[in-house]
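Here come two complexes built around chain A, the first alongside chain B, the second alongside chain C.
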Partner chain A sequence: MTFLQILIDGFAISSLYALGAIGFTLIFGVSGVLNLSHGAIMVTAAVAAWAVAGNFDVGPYWGAAAGVLASVVMSFATYLLVVRPIQTSRRIAREEKEIFVLTATLLWGIMVQEAIAYFFTSNPKTVRPLVAGVINILGVRTPKQEIVTAVISLAVIGLLWLLINRTRTGKTLLAASINPRGLTLLGFELSTIYLYVWGLYGVMAGIAGVLLGSFLGVSSDNIGQLTASAFSIVVLGGLGSVGGSLVGALVVGYLETITAYLISPSIRTIPVLLLLVLVVYLRPQGLLGRR
Partner chain B sequence: MSGNTKTFGLALIVVVALACLPFGVSGYVLGLLTLAYYFGVFAMSWDLLFGFAGEVNFGPSFLIGVGAYTAGLLNHYPHWPIWACVVTGAVASVIAGLMLAVPALRLRGPYFGLVTLVAVLLLQNLIVLYAGITGGEIGLDLPDVLSIDEANNYWIALCFMSVSGACLFGLSRSAVGLILQASGQDAVQAAALGFNVTKHKLAAFCVSALFSGLAGAMLIFYEGTASPGTVVDIAVGVQVIIAAVLGGRRTILGAALGAIFLIVAGEILRPLGQLSTFVVSAVALLVILFFPGGFLGLLSRSGRG
Partner chain C sequence: MTRLPGKWAAALAFAVAATPCLAADPIKIAVIAEASSISGAAIPNAAKIAADEINAAGGVGGRMIEIVEYDDHSSAADAVRAFQRAANQDHVHAVIASYVSEVVLALEPWSGRLKLPMITPGAASDDISHRVHNDYANLKYTFHGYLASTFLADSVCDGLKVVGVDQLHMKSAVIMSEDAAWTLPLDAEYLKCLPKIGIKILDHIRLSPDTTDFTPIFNKIEGLKPDVIVTGISHVGVQPTVQWHDQQVPIPMIGISSQATSSTFYKDTNGATESVIYQTISAPDVAVTPKTIPFTNAYVKRFGITPAYCGYTAYDEVYYIADAIKRAGSTDPDKMVDALEKTSWEGTIGKVEFYGKENEFTHAMKVSPEYVAGLLVQWQGGKQVTVWPANVANAKIKFPDFVKLPAN
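This part shows the complex of A and B:
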């Protein structure tokens, strides 16, 4: 009974984590940016969905759409206002750009967090689920929303896989992650590719944020934790590896759920942290990463 | 060399001027500056590790927290005298620094950054989990304090910051500092030139941890309590990083300047309530985007031009 419960809950959590983390790893893989405002973008989506659905009486679907839209806007804002000025700045030495991007996106995330707390308070918000009700799976009462969450997350990940491996644009993205210089020599505009990737990232983070908001609820206080968990999953699986993020998300999701059910919810994140340290020491490239 | 002598002379004048403050300003301002000075030491220690050794340490509060909690627990339970607690705290912090140095020598940039972040989270979880011993989120009260007089506390902090600043600045301008800078920028080339990169990086970790631990331990004896919110939380580490970047990286003294600015600005903006953090972060972001050299970078540029 508990076993089945862990299996179902862990699966829903894992697929949600995977969706969030894959967006994060996509940006890193293609443009080399570790976006520390990731959690802020996810929470923006959830809060926008909550606010629109709650204030305008348009139903959960339009609310979710508004959330994803807000996330895309935030994603472009992050790229155009924060990341690109640093990447193109001539006053910052090349080898220092990475740390400047990290610090700047961190600050940007804090600004978004404070703005959300100011306008919408930091109270936890639960987005209205797309599908209400519960069903019974072999004796375990499961909210339908939990199944919807897992299905949508996996479907979006599947679409991304198709996009990257089966379309011309996707292959350009893949090429940009392997050899950006070579790509520019072939006549592709790198800045267009980056814009495209940030848009894609905005959609994924937005969907993940809205689903998270309806599944567990979000508060602006969760932003740091969300960024940290995406970062952990991605490093666990291997930076820049989409398949690795999937595995990382499964490991983190199940480890957290098992700890919460069998030991105590208060130490839910500790085994993950220890595992992370272990993996980073023994296999710095991550579980599926390349050197 | 004359540039360094000039900097020392200028710093001396500023310190003497600051030392006269208790005769003119209120205890409230003194208390604020006392806190800012300890933060200054945090930021300067971080700058040595990051600006010079090139190690992205996201968890300065791991080193600070280990020093602070070691000292705090020794004072709370066996009632050791303050000086013994502070010294032991600093030693514990150096050991913690060596623990961080081992992965740092094997891992690059973001990976090492994540390990330091995890170190902070683990320390914080440990403190909360053993709340019966450590006081948990509420904090650990200490039977002893440095001084109950505001002016004395202020002078102790100022003196501590000046001495630490002089040590760290001197170190950064010495041959060791140059080798550190070289190994931070290109470890392979530095090693090819015959410098022992490992030894120098280990030394940087030890020195940075020593001053972080000392400052953390002294800070809690100034406040009379140790809590995760003041010495361990990631937010504390973020503030230290912002301070160092804001003041100007690779300058050591700029870090102290940034820390004082950050603490004072946070206090001045307090009437804005929740928005004060927003404004401080926005200012820091603008400085990073438009003046990547920080405050000191701005000063030295206008001085030259």
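This part shows the complex of A and C:
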């Protein structure tokens, strides 16, 4: 029974991790930005969904939509107010821009964290589930929302795969991640592509945030942990590799779940961190990363 | 222009100089708490209501009460800095500090070193009063304005004996407490008092306050088939409650659940707190004293929510600090301590008196039906209703269908 429970819970949490981490790696792959305000954007989505659904009594679906919208707005704000001014600045040396962006997104995340704590308290919020109740899977009582979480996460990842591999826009994104200079020479406007990818990222982080808020609940205190989790997954899978993030999310999700069930929930993240150290030491490009 | 005679001019100058000094000589009370948490925010909010009421009635011997707020983010380091600033820079006369035991224990030596009376409205660790007992000369400036953990556990056991054992025929329990300073004595007392009321303890789980996924914990508990989960949670609250509800864990939760004491908890959990039973010393629906309901109403009117448990105690503390200063006729810290030790104040939570230095719980609040006693409150239909003790209970316990109660 415990085995089946681990299988179900691990799958749900891995799917959710994958959705969040793929957005994170997409931004890095296409625009070269390691967005350390990732957790803040996810929590903004969850808190917005909670606040709208609770205060306006509009039901969980409109609440979720408001959460995703808030995430898209936050994503554009991060790019236009924090990242882009640094990227276009002539006063910052080119080789220093990455570290400036890294620091700026980290500080931006902290500012958002403090703002959420100030206006909504640091107490965890739980988004009303899209589907309430439980279902019995071979004797394991599972919340329906847990299944919805896994299904939506995988569906969104599937849609992203279709977008990248089957559409002209997707191929442009792929090209931007491989050779941005070449793309510019072909007449594509990189800033438009970046806007597009930040919008896409906002949708993905928003859906991940709302689902996390309804599955486990989130608080502004979780922002650092969520960013670290996405960071661990993409480093484990290989920075910039969407497939790697998927594998990384499965490894992290199941390793955490197995630890929580078989050892103790108090140390559920420790084995993942040890594995991360090992991977960085033995295979710095990650499990599926390119060198 | 007519010139004033010299002596009149001097007297006028003295009056002008002296008047603002007297008028601007308020009694300053520092409030150190985490502003962004449910329990923490209730402390300054309630203290301001008390100060406004006292000031509207003319203050203390004509001196107004001024509340000086500091946000400690529940960090001991931030709280110590705030305490030092309150003493050395803002020159406050007393401090009302935090609901987090680790923070209050860090402040306790500073209260002694800087000779600044301090009362906690919400921290529970037994060590707060034990330390005063063990080093009275240096630490006598600290008072414990909330129940010590041992008393909290005893109160839960007293209530559980009636509603759990006698009414619902419960025979077994799993203790589920967060890993924190305040739950060490709480759990130690649970382990003693639960068997005494006829409840067998099947397991004792201490969970990390950083836990976000409680599924493995509930899964383990359910496998043990206890009749009740006896809780000791304060820093965590929303997530275990929501996951308990969403996963339809069929075991009732009864015990300490500090966040559940505020009405915001219902909204934060989307109603998942329905049927959770928590111990407290005052509730929005029960006139523990004639002051309880008027304070609750004033708080709701001003802040839109009911106060968390430490709102009631913080409100009372401002009053009995003011009363102690009035009786001492001074803000001299040693005289204030003497006066506080003689406190006998009927507040919102009952009659507040403190144990003396011969008691191992020195400066902790006296606990008994005559002084301050516990209640069990259940969330029913989005409202907090009192279910124990019988003389103040206004509702019968009820649970949702997914909770399975022991057969008679």
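Brief remarks on what is shown
Definition applied: the second predicted complex is superposed on the first by the 291 of 291 C-alpha atoms of A that agree within 3 Å, B and C clash if a C-alpha of one lies under 4 Å from a C-alpha of the other, contacts with A are read in each partner's own complex, and residues count from 1 in each chain.
What we mean here is this: a contact is a pair of C-beta atoms (placed from the backbone, for glycine too) under 8 Å apart; a residue touches a chain by one contact, two chains touch by 3 or more.
Computed from a predicted structure; not experimentally measured.
Taken together in the superposed arrangement on chain A, chain B and chain C fit without clashing. Applying the stated contact rule after C-alpha superposition, one finds that A:L162 touches neither chain B nor chain C. In the superposition on chain A, contact of A:M111 is made with chain B only, not with chain C. Of the two partner chains placed by superposition, only chain B is touched by A:F231; chain C is not.
In the superposition on chain A, A:L80 makes contact with neither chain B nor chain C. Once the two complexes are laid over each other on the shared chain, residue contacts for A:L278 go to neither chain B nor chain C.
Contact with neither chain B nor chain C is seen for A:I135 once the two complexes are overlaid on the shared chain.
Of the two partner chains placed by the overlay, neither chain B nor chain C lies in contact with A:L4. Of the two partner chains placed around the shared chain by superposition, chain C is the only one that A:A260 touches, whereas chain B remains out of contact.
Minimum Cα-Cα distance between chain B and chain C in the superposed model: 5 Å. Once the two complexes are overlaid on chain A, the chain A residues touched by chain B in the first and by chain C in the second are 117-118, 266. The residues of chain A lying in touch with chain C in their complex are 2, 5, 9, 13, 54, 117-118, 121-129, 132-134, 141, 143, 145, 216-217, 219-220, 222, 225, 257, 260-261, 265-266, 268.
Residue ranges of chain C in contact with chain A, taken from their complex: 34-38, 41, 179, 207-208, 210-217, 219, 237-239, 242-243, 246-248, 259, 264, 267-270, 272.
Contact residues on chain B toward chain A in their complex (touch as defined above): 50, 56, 103, 106-111, 113-115, 117-118, 121-122, 125, 129, 185, 234, 238, 241-242, 245, 249, 274-275, 277-278, 281-282, 284-285, 288-289, 292-293.
Contact residues of chain A toward chain B in the complex are 34, 82, 85-86, 89, 91-92, 95-96, 98-100, 102-104, 106-108, 110-111, 114-115, 117-118, 224, 228, 231-232, 235, 239, 266-267, 269-270, 273-274, 276-277, 280-281, 284.
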